[in-house]
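Take this structure first; my questions come after.
Chain nomenclature is as follows: A, B and C, assigned in order of appearance, with residue numbering initiated at 1 for each chain independently.
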């Protein structure tokens, strides 16, 4: 199955590249690497998906938000690469989880993004996940991504 | 205008490369990428610019601190590249904002750095900004930077 | 002295590559760069080394935990490179220190990892260190690493 067929089978429609909230670009390409800016979780790509893990949201809700961020990242990645078929691999995710000092399941939240990307690209990526004290606009999850494009 | 003319028009004097506070290098070059260590905000390049956003400092003060970090990063980048003219582009910033759990304007703080770099280099960079629970020496902002040098 | 002789003189036995706690890979190689996932501190490579700096652990204990993470990273790096002799340099560390809002010695904690890596590789790396609100499984330190392999 091509990545487009996989997206269709998951009923995922690629959004347009995310517009940055401030003075920066959604992505920058350097050689065969493309660096995607941190994308914050938004409800259906719209208003920020706010809340803190450990206070306002369950781990499962956080994982759903992380999956939504991954979908938005895919939209930006498609714009960066021209087509998702031209992505060789996802190199690394940096997953920031808006956390109270007592919440310790950032890795399970991050899995919401990782599992979708593994299903689509067929191999795992490197990753770091940790608790941020806050995230712009109060969003519950923010993810930054590095991908490698085909030569 | 060259970048040197732009710096002069902004009355920005490049500082020397920042000396690390501990056991690491201010930058490492790998191929045409240069990775700059996290630089903490300092008042006029000197003592740490301390405080937490959401408690001790306003968003505007945080943005001024972020701009000061960008100036220090430029000093290190000039040392890394030999001359700022040899910088092809700013690839990505990682902007850590020392934040209380209720402060959600990390993106506006980060703009203090981004707007200066865009003015100097003429194009936007990728970026992630989020709230850190603390920053070394109590500094209010820390920024890490990746740049691409001309071949 | 080769890096293997240095490890032996320090009585450090390389662990196996760290197994990820969730849906991601311990490392991904892209060109001559290898990106290692965030490794959390574990006691003797086993159970998470839990606690927060500023509450449960001293700076010296945090530095010991950071050194333990560096040893685990070396195990993963050896697996990524085939042999540590094939590592050209450590490019950058991202050091997350599980911190209360009042702890400001993240750089001293990070030195526990940096000093070991400098001793082994003979030159310093770029680095960012800051306080995270929490870390997966409650671990006290998490470190992500980028290295460059020999061509």
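Observations on the structure shown:
What we mean here is this: a residue touches a chain if its C-beta (ideal position, glycine included) is under 8 Å from a C-beta of that chain, and two chains touch if they have at least 3 such contacts.
In this text the structure is predicted, and so the values were computed from the model without any measurement.
In this structure chain A contacts its sequence twin chain C using mostly different residue numbers, the overlap staying below half.
A rotation of 120 degrees, rounded to the nearest 5, superposes the Cα atoms of chain B on chain C. Note on chain placement: the centre of chain A and the centre of chain C lie 24 Å apart, centres being C-alpha means. The set of chain A residues touching two or more other chains comprises 31, 94, 100-101, 131-133. Taken together, the chain C residues at the contact with chain A in this complex read 20-28, 30-31, 35-38, 52, 94, 96, 100-101, 132-138, 142, 144.
Remark: chain A residues 31-33, 54, 89-94, 99-108, 110-111, 114-115, 118, 123-133, 146, 148 touch chain C in the complex.
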